Each structure stands twice: as C-alpha cells, then as structure tokens.
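Below are two complexes that have chain A in common, paired first with chain B and then with chain C.
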Partner chain A sequence: MSAYQPLGGRIFTKPFIVLFIIFLIGCFFMYQRFVVGGMGAVSNLNDGYAWGIWVVYDIMIGTAFACGGYALAFTVYVFNKGKYHPLVRPAVLASLLGYALGGFSAFFDMGRFWQFYEIFLPGNWNFNSAMLEVGLCVTAYIIILALEFAPALLERLGMHGLLKALNKVLFLIIALGVLLPTMHQSSLGSLLIAMGHKVHPLWQSMHLQPLFALLSALIMGFSIVVFEASSAAVGFGRKPETPLLAGLGKAVIGLLAAFLVIRLIVLMVQGRLGLIFAGDFASMMFILETALFVVPLYILLSPTRSRRGSQLLIAAVSMLLGGAMYRFDAYLITYNPGPGYSYFPSAPEIMITLGIIALEIMIYLVAVKLLPVLHREEHA
Partner chain B sequence: MAENEFDFSGLEKRLSVSRRTFLKFCAGVAASLGLPGHAAMAMAAAVADPKKRPPVIWLHGQECTGPTEALLRSEQPSLEHLILDLISLDYHQTLDSGAGHQVEEIKKKSMQENKGKYLLVIEGAIPVKDDGIYCKIAGETMLDLTHEAAEHAAAIVAYGSCASWGGVQAASPNPTGAQGAPQVLKGKTVVTIPGCPPNPANFIGTVLYFVTYGKLPPIDEYGRPKWAYGRLVHENCYRRPHFDAGRFATEFGDEGHRKGWCLYKLGCKGPETYNNCPSLEYNNVGGNVWPIGVGHPCFGCSEQGVGFEKPMFSLSRVLTHAPPNMFPEIESREDVSGMSTTAAALTGAAVGAVVGATAMAAKKLNEKEGDQD
Partner chain C sequence: MKRRDFLKLTAGGTAALACGVAEARPNLEANDNAIGMLYDSTLCVGCKACVAKCKEVNNMPPEIDGDKLAWDSARDLSDKTHNVIKVYKNGTATVKDAEIDGYCFEKRSCMHCVDPGCVSVCPCTAMRIDAKTGIVTHHPEVCIGCRNCMVGCPYNVPQFEYDNVFGQIQKCEMCNQPGVERIDKGMMTGCAEACPTGATLFGTRETLLDEAKRRMALKPGEIYNYPVGDVRKPDKHHEKKVPEYKQHIWGEKEAGGTNVMHISSIPFDKLGMPPLEERSAASVAETVQHTVYNFMALPAIALAGLAFVVNRNIDDDDDGGDA
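Let's turn to the complex of A and B:
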C-alpha cells in the first residue's frame, strides 16, 4: 500500500467550471495572439517594456511560486527531515505545473517563437548569457520535475516494474531537482544586473541580485507549500497539517531575516537608504513590499501565533505577495526604460495569464482527485 | 615590479617620446591585440632592449607604395620612428638612402648574414605570367626575388591587399597574372595584413607581437591575424543599430544619409569584410575618420573577392543575417497610455480574490482548530 491515495470525488465542481470559463477566455486571446493578430494585437508591450506580465508574472513570479518542490526537496533530502515527506508530492505536482506552464508562457512573449528550438543547438550557445542559462536550465528542470512526479502516475497505472527502476535512480533526479533551481533562480536575478540603471536604485543590488532572487524564491517556495496545504485542508475538508507547516514556518524565519537584513545592509553600503523615505512612488512600493515581509516575520516569531494554521496561512500569503512584489517592482513597476515609455498590461494580456493560472489549478484539482498525490490521512 | 627594471631614458631619446606616452602606446597596442596588461610591459621591454632588433628585408612589387605611405603617415608616438627603431630595416626601396648596386649588395649581405632570422615584408603583388617579366627590380623578376628572400626568412608578412591576394593588380582581366604572396609562396606561412591601404596599427601590432614573443600571433585561414581581422566591419560598425532597425540611406545626401543611417543600401561591403576599422578608425585623428565614418560605404578593400571585384554600389552578401524587407516600426508605441478600465478591474479582481480567499480560508482554519482545542 502506498502512503498516498487519490482523493476521488466529482471533477466538475462549481469552482472547476468557473476556472474553466476563465481558461476559455484565456484561450480566445491566445488564439488572437498566435493566429490572428500577433503580439501587438493583444498586449501593451512596447520597446521600452519588452517584458510584460507574461514574463514577469508567468516566469519570474510563477516559477518562484513553483519553488515548493525545490524548498521541500532541500528540506527533506538535503537536511534529511523525513517528517515533511507527506508534503512532497503535492508540492512537486504544483512545481511541475508552475514550471511547465511558465515555460509555455514564455512562448507568448517570444516574437519568433517558432525559432525557439535554436536554443537547444550547442553551436548557438553564448556562455556569457544569463538568459541561455535560464532557458536551458528551466527546460531541464521541467523534465526533472516530471520524473520526480512520475512515481504517482506509475503507481496509479500499476506499472510497478518501471516504478522500481525509477526509484533506483530517483536520488540522482532529486539531486538535480535541488541543483537546477539553485542555478536558474539565481540567474533570474542576474538578468536584473544586465538591465543596469533601468532598474530602480532600491532594487539594483548588482552582484547580489542572484542572492536576493534565490532567497526570495526559497521564501516563496516554503510559503506556497503552506498555502497549498492550507487550501487543501479547507477546500477538500481534510485535517489541517498545522504542526508540519509550523515547522516549515520556522525554517522560513532565517531566510526572511537574511533577506531583510542583507537588503538593508546593501542599501546602506550603496548609500541609498534615503531613497526609502523619499516619499515617491518607488519608496511607497518599497515600504509596502518590506511590510509584506515584516508581517510574516512578526507572526512566525510569536510562539502562539506561529502554531495557528490561520496565522500561518496569512503569513504565507503575505510572503507570497511580498516576493511577487519584489519581482514586480524590480522588473516592471519601478523599472524605467527611459522617457516616453509606459506599460500596464492590457486586459487580453491579463486574461491570458489568468487563463494559464486557471488551467494550472484545474490540472491540480484533477490530478489530486485521480492520482495518489495527497498523503493518506492518519485518522480519517 | 618588473617595469622599474627597465631604463627608458635611452628609449626616450631615441624615439623622442616621453616614457609615459610610450607606455600608453604599448598598452594600446596590447589592448587592440586582446592581450593582458602585462603584455604591454613585455612589448615595452622588447622595444627598449635594442639587442633583439630583427633585420627586415622589405620587397616592393606591383603597387602604389600605399602601405608604406600609410605607415609613414601614422602618428602615435611617431610610429615610423618606433618601427624603424624596433627593427633594423636593411632593405626598403622607398626609404633606403642609397640606391642601385649599393643597396642590392647590402640586401644580399644582410640576407646571407641573417639566414633564418630576418623578417620578410612583401608589399605589392607578384606577376607570374610569362615567368614574371612584368615586374623587375635590378634586372631580376619580383617572382624570383620573392622566392629567394622567402627561402631563409624567419617570418613573412604580406603587407597590403596587393601582397595579400593580388589586390587591384589582380583585378579582372589581370593582364600580368598578378598574385599575392601566399599564392606564390605555397607551403610557407605568410601573415597577411590586407587593406588598401592597410591600417598601420595592424602591422605594428603584429610586428610588436613577433618582436616580443618571437612568434606570430594567431592567424586565420587567409593568414590574417585574428586580433585584427576576426570580426566583420559590420559587427562593430557604429551605424549597425540603424541596420538592425531598418534605417538606411538610399542616396548620397538624402535624409537618411544626412542623419548617419546605415549605408548598406548604398553598397556598403562592411557585412562581408573582415577588418577592425570601426574600432581603430584611420590616421589616428579620431572623430570617425574612416570611410563609413565620413559617409561613404565600405569598399571591402581588405577582403579578397570583394574589393576590386564587386561593383562599388552593389549590395553586399550579409554574412551575419540579411535584413528582412519590412521592419516593424519601433517608435509608434512609445506613448501607449497603458491602464484600461477593464485591465484595472481585472487586476483588482485578481488581487481581491487572493486576499479574500485567504481571509475566508484563515477563518475556516480558525474554526477547525477551534473545534479541536
């Protein structure tokens, strides 16, 4: 008997249908973007803002949201905390969906997406490119995630021979599953270095960009596990896994503190602390973003609050929003490509992104109902 | 520190330049060669140490003496001083103070004494038709002289397009059967510094490398030093952004030409010509003094099969990528105003849904935990 079991139950629930409608609207605009009118017809992207929400949300933030598998792989397999094992499969599933759909979303933003295969031809490689690293590494990680999740599918299909063979090499796959996100999540930060002065001084930490990208990705990775587990508890009426999640909460404290402290030290060394209180739009954004990181720190440091599932959920969502804002601020909101340019995503652009998110949640819902993903409840 | 071990006072006198100017020059040469900083010191040391001066035999074939003129015209602590100080120029038809039998004798003597040690520089094409009778010096054909001098040369440099592959002398119909040194001296390594005239900086850089390290710099299949001819003119051209954006001058004096747009449609051969003109420019006067810089398309003078062969105003074969017929406009979307009501509403709804759902879930979790307590 596996420790995991399919949830079962009806697939076409009310939330599922709502999500499906959002997805259909997204599909309509994807059709517009790829077949009818092209990128200019649906998006507000321009020469100043070559990256809109398709990149910044779907890839930069979406893959950080999908770092649950990474964070847990780190905890369970690197720090050998086996008790968190029940959380691994749903986290890996969410990571797989987040990365795969993030990779898919990259195509919306590629002007000549049909030439994408060129990145896989070694003759074309430019080893100085952070983008090449991201492109290849994310592709590799999607495959790794698929393999990490494969046991769930194999169990369900009853292919035990293959499952045994896979289990023998799984340690290698998991090792890669820790290595690859470390590589490309930090490279996502390196991309900001390349943008130089266009990035607002409060977010332009130059050679520390990879560190902040990695720290925020891990913070968001742990948060998303808490968020998913809490949502599953509420949505599927399961027993809350609060004690486990509280443990994860403790792990985040160090990361959060490191993120905030290093951030302030960097700004101090750069002589930019004054910009925080400049009172302009960027300073407001910085304060709001920092508040979103400080609130969870306050919750998690309190011995009573950090044991309550509801407070943990609030802390997790706050960190997710904070991490998302950190990336939004750096890449879009305070990004300044020069005079005359402005950007706010168009409605079709937003609908495509929402459609992808809806698809992600739909697949997740179907997967946990049909495949052994969630852990068997102990006293059901 | 190695640099303190050298005494530059003698050199300052010989070259009549300050130590500072001289070291700056060496650093510049090392940088354009793509060599690290200490190479500049090594070069400076090689020049400051006169024992290493290699003898040079300089032959002139069919040509206009442009390469030599270019070298003598160059500035930067008087390059001709440097080159003449750096090498022992034993034979050079333009610069020799003697003439006739006297210099021919000195040449023979030098070649005999310095067997296998002298540097042979060939300037001008070598006619091979009818046993090479179309170019004779002191009663001997250039063809014979070249073979004779090449036999015991330590290194051979073909300086200028004529010497590199024939240049204008080899242009159709090529009545004298003119060829470059590499074609005549089959089986020997010939470094070529093509250009019409060639950039003296490319010559001095190569010679300095040879004097400093005792070997030739890395060269490509046509014998061109990679540091100078490794990239297309097109790649480093300051008009390249106009090419990529589809802004072309189509006539001399039209709006695009006056605004400094890309000269590709005027027949610029930059996209198929390997040279470092955009980085070094010409004549050391700065201010964009080189053909493309002053508004004339590149002629492809340093590229075999392009210069003296393709019509001046015919389109070049773009070796990087050819421009499409149509370019998207790049300026029209600058003033995109951005936020539409629908977009704002959608964003608000999405953020609201997340916050609302979290609040509800937190409440439910609270209730659940309350039950357990």
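Let's turn to the complex of A and C:
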C-alpha cells in the first residue's frame, strides 16, 4: 500500500470558483494578446523595459518559488535525510506546476511565439548565451519533474508495470532533478551580467550573479516547502508537521548566512557599501530586502522560536518575500535602461499573471484531492 | 551521503571550476576594415535629412507627434525609426555646442559594437556580426522574440514591434540587409549619404578613427576642411572653424569599441550615453558561461556524482524503510 493517499472531498469549493473567475479574466486578456493586438495591446512593455512582470515574476520568481522539489531532492537524496520523504511528493507537484506555468509564461511573453521551436534546433544554438541554457534546461527540468511526479498518477491508475520500470531509473531522474535546477537557476543570475550598467550597482555582482541566484533559489525552495506544508495543515485541517519543518529551517541557516555575508563582502570589495546608506530609493529597497533575510535568520537561530510552527511560517514568508524582492529589485525595480524609460505593469498584464497563479493553485487543489500526493497521516 | 563525501565532491568540483576560470574571454577584437560611421555632433545642424533618408531606404512610416503633420517627429528609436536626431538643451539654449546655456544635436542609431551584447546573449544566433563588414545583423527567421537583445544592448537599440501580434525585432543594419544591400553595392549608408554637413561620415573603422584623432588634435578656432560623405573619397569638403572638442572618441574603447563612433564638444554622459567601462559585459558573461559549461564537463561530472550518491541513498531508503 502506498504511503500517500488522495485527500478526497469536493472539487468545486468557493475558493476554487473565485480562482476560476480570476483565471477566466486572465484568459480574456490572453486572447487580446494573441489575437487582437499583440503584447502592446495588453502590456506596458517598452523599448527600455523589454522584460516586465511576465518574465521577472512568472519566470524569475515563479520558478524560484517552484524550487521546493529541488531543495527537498537535495535534502532527501543527496544528504540522505529520509525522514523528510513525506514532504517530497507535494513539493514535486508544486514544483511541476510552477515550472510548467513558468514555461507557459515564457511562451506568451515570447514575441515570436509561433516559432518557439527555433530554440530547440541545435543549428541555432549560441553557446555564449545564458538564455539558451535557461531555455533548454528549464524545458528538460519540466520533463524531469513530470517523471518525478508520474508515480502518483501511475499508482492512481494502477499501472504497476510502468511504475516498476520507472523506479529502476528513478535514481537518474532524481540526479537530474538536482543538477538541472542548479544549472538554470544559476543561469537566471548570469542573465544579469550581460545587462551590465543597467543593473543597479547594489545588485550588479557580475561574476557572482550565478551564486546569488542559486543561493536565493535554494532559500526560496526550502521556504516554500515550509509554507506549503503549513498552509496544507491549516487549509485541509491536517496535523502540522512542525518538527520536520523545523529541521528544514535549520538547513536554511547556512544558506541565509552565506547569502548575506558574501553579499556584504562583494559590496565591500566593489567599494559600494556607501550606496546602502545613500538614502535613495535603491538603498531603501536594499535595506528592506536585507531585513527580510535577517528576520528569518534571527528566528531560526533561536532554539525555542525555530521549533514553533507560527514562527517558522513567519520565517518562511519573510524569506520568500526577501528572495522575490532580490529578483524583482535586480531585474526590474532598480533596473535602469537609461533616461526616458519607465515601466509599471498594466492592469491586463497583472491580470494575466494572476490568472496563471490562479490556474496553478486550482490544479494543485484538484491534484491533491484526486491523486495520492499528501502523506498518509500516522494518527489520523 | 555523508557530509565528508559531499565536501570532497564539492572540493573536486571547485578545483575543476578553478582550472576553467584561468581562461577569461577578453573583449572581441576590432575589425579595422569594418564598415562604420563617425558622427561629429558639432557639425550636425539638426536638419534630420538622415532620419528621412533612413525611413525611405528602410521603407518605414513617419512617426507623427500630435498635429505636427509637416515632418517626421520621431523622438527616439522605435520599431519604425532606426535612426533619430535628438537635441541637448541647457539653460537659455542659445549657443551651439556649449554645455551651459547651449544646445547641440546627438544621433541615436545602432553603434555596431565590436563586442555586441545583443549577439552574445541571443540564444538562437538571430543576432550576428558580419565577418566582412562588421555589421551587426538581425535574422528574424530564427528569432523567438525573447528580447534578451534589448536588455543586453547597452544603448537600447533593438526595438520590438509590440503592436503587431506577429511582430519582430527592428534595428539598423547599415542599409545592408537583404533587399537593400547598399554596402554590398558599393554605396554608403542612407544617413551618411543624406547628411549635407558631413556630421555623419561614412568609412571604415580604421579611416574614421584616424579622422576622429585628427580632429581631436586640431586647435579650437583654426580652420579645418571637413569632408562630406565617404571619408576615403569625399563628395566635397567645407571649411569651418574647429570647435572645442572634448578629448573623447566615443566608441574607440567603450565596452570593446564600436564601429559607429561619436565626437562632440559636450560630455557624452550629458548626451545620454551609458556609463560603460572598457571591458564589455558580454565578455564577462561569456567567461562565466564557458567556465561552467566548457564541453559540458562540469555538469557531466556532477551528474555522475549525483547519480551515484542518489542511487545509494534510494537503496538506503529501501533497507531502512522509512520512505
């Protein structure tokens, strides 16, 4: 018997219907984008700000939020902490949805979507491009996540032969599930290098961009597992898995400390520490962002606080906001293409992104109810 | 996996990484015979004949600002404007080429970088450097529209047709794109041909750089015979008093240099040029990319290590049975 079970229950709950309406509004604007007037008709993208929230939120931040599967694969299979296994399947599902919809966002943000396949033709590949690495590697990882999640579906459908075959190569799939995010999450940072002076000096670490991107991805990956598990406990009235989550919190301490310390050292070496206290908009954003990383460090370093579910949740949310802000700040908020350009997302642009998020949550809710995703409670 | 094993693996990976770092990718080298242009802001009278000629050659519509129907009033580069003349104004704006209370003109068009960011970042090789002419060309037939070229260009040159469902990137290709091919036919770029004062001068990068250096060395106030058209075989010359040039040839060295160079009597940061260092951001990005992905060796080693460790730990789970 499987250790996982479908949650059951009604599909069309009130929250589900609200989400569905948001999704429909998103679809309306998607129609405008693809059929009526192009990206210009729905977005505020311009020649200075060629990347707006569709890239920076949906892909840069959305895939980092989807790093739960990555963080747990590292913990369970590389560091051999089997006790975290119950958290794996829901995390892999959330990762699959986050990445798949990030991929879909890349498609509707793609100016020449009808020839998207050009990036998959080896004759076109430019090996100097971090974007090539991101495009190919994210695509490969979506397939890997689908394979990692396939057992839930195969169990449900009773296809045990296929399940057995999949289990034989599972070690390779999981190894790729650790390697691929390491590659493309760091490349998301590398994209910032070529943007040069347009990236604010407080965020332009050049050679070290991939390291910060990777650290922030792992921090957000661990945080999202804590956040999702806590939300599931509250939302579905399940027993909270606080001791497990507290253990994950500990794993983040080193990552958080590394992120903060290396960042300060880089700014010191670059002679840019003064910019933190310049008092301008960018310095405020930097201080706020740093505070969002320091607060969880303070909580997690305390032996009593770090064992309380509510405090853990605060730490997780703070890290998610901090990581999201780090990417928002670097790619968009303090990004400066030069005089004469400004950007704030339009309402339709925001609605398309919200529609995608709504779709993601809807599929998650349906999947945990129909498929064996959540771990069987021991004392249900 | 034991912590010690992991540390060993990490140390091995770092050592491999360190070996790769040794080979930093320097800036690409300038092609002296590359086709280029020299824009001398002090010669420009703002007539915008170059803007009109550019539209004619590239078959692009005028941009009308409000009710000014008499002329093309494009204010900046756009998907319909490959070349534009902008104005610098300060205070009373009465003295030409004076930084204080003065005004001057500045051209915006593709700089045709020696080490172009757009070419470096494009995943599909839709941006290329022409080996013979040094022109940075665009190839929409392989472009997916990710617009990395736009964020990767220090000058915000590539423009996307946002208002077209089936839009494409637009940029200056020195009037040598298929169907136009002015350079291949031995002609000048449209803007250089149209320029009545020689403010936009045509030539090779080498001859234009020589001309720019010659002007830098002139004494303000003396008379210089300025060439018009192609610096190698000018259509005509005209005599003019030499202004006080800033001793700075924009594009000689900036981010690896450009084939379109600018000189002026007003500092370039005042004219909206970006704060660039000599090393191109593209060369740093490629150094990082090639260090990590050289022959895919590092990822391959990492995958082998991970597969080994994961395989052992999955077995552990079977034995321990807590999975």
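Definition applied: the second predicted complex is superposed on the first by the 380 of 380 C-alpha atoms of A that agree within 3 Å, B and C clash if a C-alpha of one lies under 4 Å from a C-alpha of the other, contacts with A are read in each partner's own complex, and residues count from 1 in each chain.
What we mean here is this: a contact is a pair of C-beta atoms (placed from the backbone, for glycine too) under 8 Å apart; a residue touches a chain by one contact, two chains touch by 3 or more.
Since this is a predicted model, take the numbers as computed values, not measurements.
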For this session: Look at where chain B and chain C land on chain A after superposing the complexes, then choose clash or fit.
Result: clash
For this session: Identify the partner contact of A:Gly48: answer first if only chain B is touched, second if only chain C is, both if each is, neither if none is.
Result: both
Exercise. So, A:Pro15: does it touch chain B (first), chain C (second), both, or neither?
Worked result: neither
Exercise. Between chain B (first) and chain C (second), which does A:Ala347 come into contact with in this model arrangement: first, second, both, or neither?
Worked result: first
For this session: Determine, for the superposed model, which of the two partners chain B and chain C contacts more residues of chain A.
Result: C
For this session: Considering only the touch criterion stated at the top, classify A:Ser231 as touching first (chain B), second (chain C), both, or neither.
Result: first
Seminar exercise, completed: Given the options 181-189, 235-243 or 271-279, the segment of chain C that clashes with chain B spans residues 181-189
Exercise. What is the shared patch of chain A, the residues that chain B and chain C both contact?
Worked result: 40, 46-48, 340-341
Exercise. How about chain C: which of its residues touch chain A in the complex?
Worked result: 1, 3, 6, 76-78, 117, 120-126, 140-148, 150-152, 154, 156, 159-169, 255, 272, 274-276, 281-282, 284-290, 292-293, 299, 302-303, 306-307, 309-311, 313-314, 316-317, 320, 322-323
Problem set entry | Of chain B, residues touching chain A in the complex | 330-331, 333-340, 342-344, 346-347, 350, 354-355, 358, 360-366, 368-369
Exercise. So in the complex, which bits of chain A are touching chain B?
Worked result: 40, 44, 46-48, 230-231, 233-234, 240, 242, 308-311, 313-314, 317, 321, 340-347, 349-351, 354
Problem set entry | Residues of chain A that touch chain C when the two form their complex | 3, 34-41, 43, 45-48, 50-51, 76-80, 82-83, 85, 106, 109-116, 118-119, 121, 124-133, 135, 170-172, 174-176, 178-179, 182-183, 186-187, 190-191, 193-198, 206-207, 209-210, 337-341
